[in-house]
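Both of the next two complexes hold subunit A, though its partner changes from subunit B to subunit C.
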Partner chain A sequence: MDHLDMLENKSIYIIREAYYRFKNIAMLWSVGKDSTTLLWLIRKAFFGKIPFPIIHIDTSYKFPDMYEFRDRLSREWNFPLIVGRNEEKLAAGMGPSTGMKLECCTELKTNALKQVINKYKFKAIFLGIRRDEHGIRAKERYFSPRDDQFQWNYENQPAEIWDQYKSYLDEEEHYRVHPILHFTELDIWKYIQRENLPIIHLYLAKEGKRYRSIGCVPCCSPIESNAETIEDMINEVATSKTSERAGRAQDKENIYTMQKLRALGYM
Partner chain B sequence: MEEKALPIVITGHIDHGKSTLIGRLLYDTGILKEDRYQEITASSSLLGKETEFAFVLDALEEERAKGITIDTTQIYFQTPKRKYVIIDAPGHKEFLRNMITGASYADAAVLIIDSNEGIMEQTMRHGYLLSMVGIKDICVLVNKMDLVDYSKDIYDKIVTGMKKFFGKLSLTPRFFIPMSALKGINVAKRDPSITWYDGPCLFEALDELEFKAFEERPFRFPVQDVYRIGKDKIVAGRIESGEVKAGEDVYLLPKGEKIRIKEIKKFLKDDIRKAAYGESIGLIVEGTNGLKRGDVLSGDMDAKAVKEFDANIFWFYGEYNKGDKIQIKCTTQESYCTLAITEKFDPATMDKKKEGLDHLEIGEIAKAKVKLRKKIAIDTFSYIPEMGRFILEKNGIPVGGGIIV
Partner chain C sequence: MRKKALIIGIDGVPFELITRMLEQGYMKGLKQICDGGYKVHKMRASYPDISSVSWTSFMTGANPAEHGIYGFTDLRPNSYDLYFPNSRDIKAPTFWQELRDQGKINRTLILNIPNTYPAFPIEGLLVSGFVAIDFTKAVYPPSYVAPLQRMGYVIDVDLMKARQDKDGFYRDLIESLAIREKASASLINEEEWDIAAVCITETDRLHHFFFDKKDSIVFQDFYAKVDAFIANTYRTFEKKYGKDFLFLVLSDHGFTEQIAEVNLNAFLKDKGYLVTNESREYYDKIDTGTVAFAMDPGRIYIHHEKKFPRGQVKSSETEQVKHRLKELLLGLTDAKGAKVIRQILDREEIYSGPYYDNAPDLVCISNQGYDLKGNLRKKEVFSSDIFKGMHTGDDATLIVPESIAFDRQVTIENPARIIMDYFSR
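Coming up: the complex of A and B.
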């Protein structure tokens, strides 16, 4: 069994554990490379069938390619899609330019997700986060409880040993489940290449620039790059001198922004 | 370069320099990216400190402000030889569950000791727990040598003490290295300031450590779930030991009946003849009325279906009092159980106790008879680790773990 096989088999095990523990479960899909990889692993875990809904949180500021990709894949892979939007705040004009970026993320991402979870009464949400993305994410568990205020109690996380995951639910709790926590950015690209997975073209270089991490148009900056193929990108990521999220505005506002966002329920 | 990353846990007493060591290692090997380094410098200066390498892993605001590691973290780095996952584990007793969480992912361990303070309570407790989770490759680092003027006497005393300690556990550490994480001495490269030492630096020592050896063992497959997909009933699970072939007969435990593996299933793969250890697969079986989660398919009858077994238990959260409702989880098997503790043991003092056997606290280790409400299939930890280890939950919260002896 090679390195990518090991990662895959572990992820599938976790996906099946979560599905057994929480019948009312869904997956959060950003349409980016990580959560698309997770979606593929879910197909593998259930032999091609995706047995629960897939949620896309739409801030309305995403790249047009992302919407096109979302709709195409949901048809081709045949899964039920829930699109969550904080309509009230969008109608009131919330956006990255009208307020603080932290507030915008909280309203259009975190609170939009809260609305979906409350509406559908989901008890667990699959997320495609990885440990190597950020110091805070490196502290996550595979099964990560959130309280009724959606808060992450990062100072009192449960032990998680030998593939035994705490899944006990208080009435108002829900769990975030992170099946690809152990993949690195490089692993993801190698896996995408091996499995020939579809990805959004924004990741690939055009005229010397590409996006290493994608989200909302106003808050993502492209990096200088000539990586026009996945092969090029694997070489580039392996030798990069900056971290993956360096192009993401939300991480820069304040040193602890990510911690605060996650504590408040951000993905 | 090897593709697979060797997972190494960094353990030791609080403030003996675990996080600093890792930060230093990453900085010296150029793995710490420039933007992260600047973020750490900015965060350190907010707290009135020079660039604090411990902040690479101590990312939580509380951790940086208090200067302690609360939770376990994993970070990747590489040498020309191979990749590593470095797992930082907190030294504080209160966060022992986070240390064990970290250690359970590791194949090898580093145990760090402050030369100025010497061998402390948590040094021994961590050393003992490493042996319990089955880690044999241990590298002992005698840190902060700059604070004791690189004294050979102090180093030798610690080495002798640790050899004696591990000897009682039938373990021999692979390396002892005198060093200073803060000054970068004997971390990424050998340093001549310790004139009496000519062994490897940490970097070289790590390259010598090995992945846990894989051993041929009989087939074990705990059922995770059963899915009905189209006309098929697919039994999902992961092979925890050995291998299985299509067409083979296996035993269904705890009942003991014989059933046949008709097909091995994976998405988009046809006609799979064989699957082995670690693979998450689906099986189509015949010869039984139905399988459910918690059943175990076994290649032989050596796995025992029992209602009682002997175990070494470690307690890491809250308290245990006799009569507490405890649940055991072993692979996908679960049952309520009671503990009959026969001996208590504090690795920090190496004292065996026959009193207070109806109570356990964080950090305590006990020999016990575990009595289950229903039968589960087990092997001893030394024979098949995956089938011989378990966790204990109280009110749905993981509180302890154990190995079957």
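Coming up: the complex of A and C.
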């Protein structure tokens, strides 16, 4: 079997398995390339119709193109969209320019998602994370339990072998399900090319710069690149030695270090 | 018989406090050990008196200009890029590496000493202390990860809990102290070590959040448990290796009650020495026109044109700028007119070594209770938070055999030399 077909099959198996086990499930869509790929795989898994809601967490600081893309795709692919916003903190002026990036992410992303999960009582959430993205994500599982505080105990996870995925959970927990964990950045671009998927054009180079990873405007910086087509991009990613998230403001380990230092009054 | 050493670290325990606890009978086990031939000394911590700097000086016997660690935070050369120095940034060899290279020792146990994350190769076992993020990267060799997890071993308590549930936080401290004691006892019992160095972090945590209760049962109970930890570990070691081993107890800095946090950057800004661009992040906020800025706790950096992208201070102006800064900072007083800064040291006076260039230009020493801060977030010069204690530099603790005499001030760089000498004799 072709490499991309194998990746696709594995993802679809996990998507169907999760949907079968958790009735109250949803998908988190950042509108970036990975979660849009996941969205496409979900469509495929259920023959063109997405049978559960799609959540977009809106920090209000996303690129305008992202909002436009989100609304267009939800119309064209016809799925129920839940937009989660931490209205209270937004009204209070929370934002990255106040010099509190960490707090900003926690409030506008993490807590906004908590609010959505609590409101709709979701028991499982699909996420488009990939193992090669980041050191800490390499420890992720396809089915990853979280407690009500969103804590992920990566030192104590159920083993996942021979496609036996643990999916029992306590009252206060929910599961994160990661159907594209095994895709690499390069796989994603090849798959996008093969399936002819729509992507936000911020990923493509304009005047020698493009975004390799997108999120909130103030926290993303473009990289030097001449990749104007997906073909170029595949070549670029295949030879790149820098980290995909290098253009993102924060690295997970740094975030935790900063949290610990702040807790003792430093920084 | 091979020589052996047992070292117990007690993070943030001041000389005066431990002396009092010993006198008042809250540390009977340690008192008994001391009566058998040990002396408690007052010791000078590193400059600045920060755990990661001081413990690195302990591990290497070197000053920051030799080992390269000046704080929990630092900036990358020729930039404003903030980074968190860790074990990879230590530029000097540790005493156990040197002793091992010389064939004087075989296996070493390093448990919970700060600034050893990520864990690095050792003949023996190293379990990192603060700041350690990913447990699997905090243990060398990795085969110990699972056994330690089975013991329920934790590197640190959840520090955020101190904000929501102080009683629960206190209980967590006691629990993690017990787990650490159990882990060190079982490691010492079950395996052979030439050097075992075990560090207690919980004392520092207790002091940060409860130092206002230093004369109450909150401290007395806790110190009785610290005492049991030290005495039990000593007995375990003694039972295994006999009476004749080197025994050291040390802290990395002292503590005192906090009166206020003093945000030096807010002060420098008020006085026109610091200009920030608030659309940028962290130390990248520092803008053209800045003469100097501070980093935690009292490190002052002159905004040299050769060292920083937007720096304009010329080498020829350095001495004059230093002089003006000293005058300015020494003149800082609180609302009641009390002087905040006691002394300002020039880097020439305290640092020497190959990484001297990375050193802060000046290091401020505050009067007791004024907790100097180097953040760029707070706008007011004086602020307060939930913290009750702050670090001090001139009253760390060192307990060594009576036979060891010092002819000058004891510093955190001395213990490594004492250990090396012991194994080399």
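As a convention for this text, the second predicted complex is superposed on the first by the 251 of 267 C-alpha atoms of A that agree within 3 Å, B and C clash if a C-alpha of one lies under 4 Å from a C-alpha of the other, contacts with A are read in each partner's own complex, and residues count from 1 in each chain.
Basically, a contact is a pair of C-beta atoms (placed from the backbone, for glycine too) under 8 Å apart; a residue touches a chain by one contact, two chains touch by 3 or more.
Here the structure is a predicted model, which means the values were calculated and not measured.
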Query raised in the report: After lining up the shared chain so the two structures overlap, which partner does A:K101 touch, if you call subunit B first and subunit C second: first, second, both or neither?
Result: second
Query - Which partner, subunit B or subunit C, touches more subunit A residues - result: B
Report task. With the two complexes superposed on chain A, say which partner A:Y13 touches: subunit B (first), subunit C (second), both, or neither. Result -> first
Query raised in the report: After lining up the shared chain so the two structures overlap, which partner does A:H201 touch, if you call subunit B first and subunit C second: first, second, both or neither?
Result: neither
Query raised in the report: What is the contact status of A:S240 with respect to subunit B (first) and subunit C (second): first, second, both, or neither?
Result: first
Query raised in the report: Which holds for A:K123: it touches subunit B only (first), subunit C only (second), both, or neither?
Result: neither
Requested in this report: Considering only the touch criterion stated at the top, classify A:K49 as touching first (subunit B), second (subunit C), both, or neither.
Outcome: first
Query raised in the report: For subunit A, what residues appear in both contact lists, the one with subunit B and the one with subunit C?
Result: 135-136, 139, 155, 256, 259
Report task. Sort out for me which residues of subunit A touch subunit C in the complex. Result -> 96-97, 99-101, 135-136, 139, 155-156, 249, 253-254, 256-261, 263-267
**Report entry** subunit A residues touching subunit B - in the complex, by the definition given at the top
**Finding:** 1-3, 5-6, 8-10, 12-13, 16-17, 19-20, 43-49, 131-132, 134-136, 138-139, 141, 154-155, 157-162, 164, 166-169, 182, 184, 240-243, 246, 255-256, 259
Query raised in the report: Hey, which residues of subunit B end up touching subunit A in the complex?
Result: 3-5, 33-36, 39, 42-43, 46, 56-57, 59-62, 70-76, 97-98, 100-101, 104, 133, 224-225, 227, 229, 234, 236, 238, 265-268, 276-280, 282, 293, 316-317, 329, 386, 389-391, 393, 395-398, 401
Query - Partner subunit A, residues of subunit C touching it in the complex - result: 72-73, 83-84, 130-131, 133-136, 149, 156, 159-160, 162-163, 208, 261, 278-279, 281-282, 285, 296, 371, 373, 375-377, 385, 387
